[in-house]
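Letters A, B, C and D mark the chains as written, and numbering starts fresh at 1 in each.
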Amino acid sequence: MTATGHDLSSRGLWQRLFEPPSINRMAPGTFITVYALLLVWTLVVLFPVYWVLITSFKLPLDVASGPYFLPWVDFTPDLHAWKALFVDDWEDTLKAYSNSIIIALASTALSVLVGSMAAYGLARVQYKPKLGSILIFVAATIAAIIAVVRYGVEWWLAGLVALAVFYFLVLALSRHFKTTLANGDILFWIISQRILAPIVVVVPIYIMFQRVGQLDTHQAIILTYAVINLPIVVWLMYDFFTSIPVDLEESAQLDGATRIMTFTEIVLPLSRAGLAATTLLVSILSWNEYLLALFLSTSKAQTMPILVAGMAAGERGVLWWTMCVTIIVMIVPVVFMAIVLQRFISKGVLLGAVKG
Amino acid sequence: MTHNPLKALLAGAAGVATAVAMAAPTVAQDYSGITVNILTRPGPVIAGRMAERGEEFTEMTGAEIRVDEVPFAELFQKVLTDWATGTNSIDVGVFASGWATELAAADLLEDLTPYVEADDKIDIDDIAPYFREFNQKIAGQVKLITLDGDFQMAYYRTDIFDEYGLEPPRTWDEYLANAAAVHGKDFNGDGEPDFGSCMFKKRNAQSYFAVMSFAAAYVQSKGTGEGIFFDTETMKPKVNNEAWIKAFEIYKATGEYGPPDEINHDVGDTRALLQAGRCAQMIDWGDVGPLSIDPEGELIRNKMGAVIMPGTTEVLDEESGELVACDAERCPHAIDGINYAPFAAFGGWSGAINKNADPKVKEAAYAFLSYMNQAAQSNVDVTMGWTGYNPYRNSQLENLEPWIEAGFTEEAASNYLGAIKASLNNPNMASDLKIPGAAQYTGVILDRELARFLAGDITAEQAVANIEEGWEEITDDFGRDEQAEIYRLSLGITNQ
Amino acid sequence: MTTTTGRTDETRPGLNAPAGPTGWTRFSEWLDRHSGQFFITPAVVMILIFAIFPLVASLMLAFTRARIGAGGFKFRFAGLQNFEKQFFGSEQFHFLGTFSAFSLLAWAVMAATTAGIVWWLYRYASTKFSWFGFVGRLITAALIFGIVLMFSATLFSGSPFGTLGVTLFYVFVGCAIQFAIGLGLAFLCSQKIRGRGFFRVVFFLPLMITPIGVGYAFRMLADTSKGPFAPLWQAVGLGDFTWVANAWTARMFIVVADSWQWIPFVFIILLAALENVPRDFVEAAEVDGASGWQIFSDITWPQIMPVAATVMLIRVIEAFKIVDLPNIMTAGGPGIATESMTLHSFFAWRSFDLGQSSAIAYLLLFVTVVVCVSFFNLVVLGRIRQS
Amino acid sequence: MSTNVIDRPSTATPAALTPKRLTISNLNKSFGAVHVVKNLSIDVEPGEFLVLLGPSGCGKTTALRMIAGLEEVDDGSIVLGDTDMTHVLPKYRDIAMVFQSYALYPHKTVAENIGFPLKVRGIEPGAREEAVRDAAAQVHMETLLDRFPRQLSGGQRQRVALARAIVRRPAAFLMDEPLSNLDAKLRGFMRAELKHMQHELGVTTVYVTHDQIEAMTLAHRVAIIDHGVLQQLGTPKDVYNNPANLFVAGFMGSPPMNFVEGTMNNGRFRAHQVDLAVEGGVTASDVTLGFRPEDAVVVDPGQGRFDARVYTAEMTGEQTLVTLKIGEDTLAVKMPKDFEVDYDATVGIGFAIDHGFLFDTTTGKRLDARIADAA
């Protein structure tokens, strides 16, 4: 009586190839296509990195004369490029490398700290800034900048006057302002800063730092990177904080902990995974940034991307080999950081953040 | 020559200079404790040799020489903002002499005339007249110390030209004919077809200097004073005419005999191809000679012939904007019927000192620049290809000793130096554009239209028309009269 | 017995009655009362100084002609000259493109777009009409009309378009490719396969490389004479064909490099989204008899749509800012075929044309804001509200 | 026995199919080392409502999922009607399933949710429309067809899930604790609905729950499972009144059956102060006496089968639950709501002979023996 209703032999070729024999196993056809495509993409990802790696060991002649693929087979690898970078002009490389590390770490720390504080504030505290006072502030700012740009007033003088005017006006008029903004508007305002292309703001920032004599310094670039990455941190951490249940914090407050202590003692440790994902993303962005560094640094604060670009502007043709060495050397710390932080990043985190 | 306003200025300045001379110290002074910050372009070229000379200078005088590097495209803008905004983190800028005009106009450059007069080691007269009078001086005052004599020449592979019985190109038509004759043949024995001509054409990579070399001979025939960019009276661009159109078209025509991706090659790429032995002809600065005796250049060692930048038999008639045949009256400087106008592209790397730097630092800076410029050092430096320094002193051109020591054969050295001498002493040498906004005129407008023309978006006629419109806008923006005044000054010195 | 206040307090009298207010406790109480401000102020101040002031200052710059003279920059008020130059003046070819007579195709496209816009606005007006929504849609419609006009005057009539067109090409073509491949890879990885962790790590690698490095790596790869694929090119007979000579291939060359770097970003987030679709839905669909494709299109895709829309919004915002790759791979060449608006603004800045540089930067900001806000309102909110 | 080839799910509009028999024989399943289902064999009559009952984690849901095809079968076979379903994909099994979480597609309206199984079968919209309205009417949801699941209450969602199962007139229904997410009152109401509907449709149904009341009220027959092993298969009455073993006895009824562990020697059951004569050959030595609280009564000391000490008495509305202690064991007796007793008083417990069960403590099996009538 045990007639087999639906055994494999009776199905058409297409079904035999692409229909799973049972629920948990993949059909042979699908199995092969899936793995083939994934392996193809792995090749697409790894081959350029491989090519950069072997080019870093090639002599200029090898690079110029034709595609060689396998070290020791097609060409004899040579350490001249690595020597050039790590021995000959070791100071430049070290300077650029340390600059890059200092700037990336400091700007990430700053933006993650300030960003998570703002995100926590927006997640837990009800802000009601008055629309009226904001309009006055904007008007005062525009007036100050017109004074500086158009009439050459000293910038700090214009700033002080504007602040004073703003303070008194708000004191006098704030009672009459009714409409207030909510957290959502502030959040949208911060996150929308991300739409601002760096090129729009970099010229005034350049002039601002130049006026203060801070051009070509670490702190200039650190501050600029921190602000550019702030919206991402607020965006990611806001979602993370809203997903943490409030009752933990409420119980801490009942125990008498101030809100700040709750934030540092309870909330931050709990959101280690979110912090790890944000830190990784933000540090990659500041480690690889090129345009702002080009504007704000001349030599003392030169970062690695500038060094790489410098190697292409030579009059002896693009120094492909030393450039490849720099690229490889630049990947190492990021891979290291990714591995260290990988433990914290559960797959849900990135998604949770995006769904916001 | 009508009364030359510049000469009057020179006489006046000389009077002042003598008064100040006593104050300027002699060169070998003790400057321990002083740091001179020099900013220049990256890479071994220019900066590398300077750093080595800097160490020697520190041993001699105790002054610490810091050579900072920044990508070429950012150099001018970094120096200008650093000095104009009073940040003064840079003491000496080593850049193209053409850029100095804008800094001088903004009164940011130290007047080096008193330093030069008090300096007994510099032997200023040994410097070729073009660079001494014209390159180093702005409005009669010495504002720059030449470190490198830049002008463009044509180069050809002597072995290939002998093999195929070709003559060195004297005109652009001959250049194209030679290129056609050998294109596709294999020069370096690697089995792959090589190129009749290598030409750098990449956008934003100095390609506009190359096309100016093509246009110079067509536009200028009555000596350096005539200029190839603007009408000296009305400051109207001398671009929208047959001469520049022909120059654009020939420049593009070389592409048929060059590498396929030539449009993306900068001067570095073409030199790499040359060293790989793949180019029969090319135009470039003076670096090609020393490059051929570099360790990497053994494929072309002593096979590189140099010749003055090819000329033309037809010259621009300004009224009609047409090209007319050369005749004695129209081309006074023509040599057997061919009007040459070697182009001092880029003007050559020179050092200028920040006027607002500390006086002690200025002294040490001048001493170092003079040390680099003196024949004892510069004659050796110009023979080394990798340094990027090209000859600019007569002493470097007369005796062949240092060149032969450096690796040239006697015959190759005399050919190379002969071509330089012919170019340097040619009275019709075309000067680079040296007025405020030069970077916008050439680096932005001309370079962009050239790139669009090479990419086939527009025709040569449209390109030159766009350039004229763009330049007029810049001139009006900067003020037509000041620009005209400075342009005349920059052409004032004629080559006696 | 936990001490309630943070102080070590041998001298404390009662069990939890705090001692008299000391300096520290008074300060921490004050701080606690103002903790709200304490959290938000640093971020707001930093954004004000480094984003809002520069934004406003940059707007001022866009209305001036700057000249560098002794003692710093001199600004001369020039009204709309910088902007007028981009749209109608000498820079028009550079920003919008060389306009040529409308070809037949151009007219057809214009007619179709106008009809489409009118119908779309009419449909909206006749249904749930709100002034705010309508004005928003009007702006979006105006921008779409302007862009199509620009493209039909240039691309569809056979002449090259300017940096605005190039930027839009990078944004839309680039993001489309990145989304398609990213989703495909995520779908493959979400199948019941082993080694998903390995693929997740390997695919993350391109994100870690600096864009400059990616640019130069791809310039090496694309070299048809001495690059790795040279033998392949020669075999196909394209030996001397070069990517950088032709406008379209150069643009694709940059989109390929950009996509190589940013596909992993889309892949990782969409994979997380796929893995978060509840098992029950898929099983229910399987029991209901749905085929693999039906399950994906009817059940899985609608579920991950909100996340996909958000990821694409992030990518579009980033794509508008593209500058590193065109700068170092082709320096904007051949001609101005690969020059993005940021690069256009950067070149203007480098030659000290501050006014024009700020003007172009502002035009970029305007286009980005309109595109992103309309994408957000029409697509992202629509999907989130629906699911 | 013709093998009827099903290459694609049947596209015939689902008329009332004749109910089919579902036979599971020696079903085995293990996840890694854990052997979850141990050769389970059940023969479900056509149109029968069979309930799989057991504590959570006993393998009942895994068994259900294997019938649905959502879990691979390690060993054994599943036959529905005359087709062997063991290794067939879920979509070819013509079986509908209601999930515990209802699994309603959030982005689809109620109508689209119900119509989805027909849509994937390629049934053209006209007929689909009509079938959806019918199924919705059967679950009284015909007025909410264009609502989204998130706009419905728990009960309504549950009914939509039911409608989605009904609409395709499958050969068998599978339900995985569908009522567990409802509040008590609604659960009672839905139980009746479900019972009536299954009776009306007459579809063979396998229902999984851990709630014994649901099992008792809904099932034609109940299969009690513990640790993957079938303990007993029988009608609710049968399972309640004569449990096959200790587990079944303990599991059914709340409060559960009282157990007194004692020993047998020469025909008498002894434990603490209990000493009763037993009829029927009892070979085991350790024996457990069991009786249900509702079958026992509290009497004056010495009058019952044995005496015990009153521990508490809880008034639960329609009855009073008296908890007593003998030695360490606690016992429970249901008495009428006006029953009063003092704490710690010694009373007697009486129950009828056929309400007393004897179990072999070691094997758990019920012994074929009874308490002798003599006191």
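Please note the rule applied: a contact is a pair of C-beta atoms (placed from the backbone, for glycine too) under 8 Å apart; a residue touches a chain by one contact, two chains touch by 3 or more.
Predicted model only: the values in this text are computed from it and were never measured.
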Subject >> Maximum inter-chain contact count - chain pair >> reply: A-C
Subject >> Longest centre-to-centre distance from subunit B, chain (CA-based) >> reply: D
Original post:
Roughly how far is subunit A from subunit C, going centre to centre by Cα mean, in whole Å?
Top reply: 14
Subject >> Euclidean distance of C-alpha centroids - subunit A vs subunit D, Å >> reply: 56
**OP:** Starting from the mean Cα coordinates of subunit B and subunit C, work out the distance between those two points in Å.
**Re:** 43
**OP:** Return the residues of subunit D touching two or more other chains; collapse runs of consecutive numbers into ranges.
**Re:** 69-70, 89-90, 92
Subject >> Residue list for subunit C, restricted to those that touch at least two other chains >> reply: 73, 225, 286
**OP:** Spell out, as numbers or ranges, the residues of subunit B touching 2 or more other chains.
**Re:** 73-74, 81, 85
Subject >> Graph class of chain-chain contacts, one of line, ring, star, complete, other >> reply: other
**OP:** Kindly provide every pair of chains that touch.
**Re:** A-B, A-C, A-D, B-C, C-D
Subject >> Interfacial residue positions of subunit B with respect to subunit A in the complex >> reply: 39, 41-45, 68-74, 78, 81-82, 85, 87, 89-90, 190, 267-269, 271-272, 276, 287, 296, 386, 388
Subject >> Of all residues in subunit A, those that touch subunit D in their complex >> reply: 1-7, 10-12, 15, 19-25
**OP:** Name, in rising order, each residue of subunit C that touches subunit D in their complex.
**Re:** 278, 280-281, 283-291, 294, 298-299, 302-303, 386-387
**OP:** Note which residues of subunit C are touching subunit A in the complex, please.
**Re:** 2, 4-6, 28-29, 31-32, 35-36, 38-40, 42-44, 46-47, 49-58, 60-61, 64, 73, 75, 77, 181, 184-185, 188-189, 191-193, 199, 201-214, 216-218, 220-221, 225-231, 260, 264, 268-269, 271-273, 275-276, 286, 292, 306-307, 310-311, 314, 317, 320-321, 323-324, 328, 342, 345-346, 349, 354, 357-358, 361-362, 364-365, 368-369, 372
**OP:** Note which residues of subunit C are touching subunit B in the complex, please.
**Re:** 65, 67-73, 89-90, 93-94, 98, 159-160, 223-225, 240-245, 247, 330-337, 347-348, 350-353
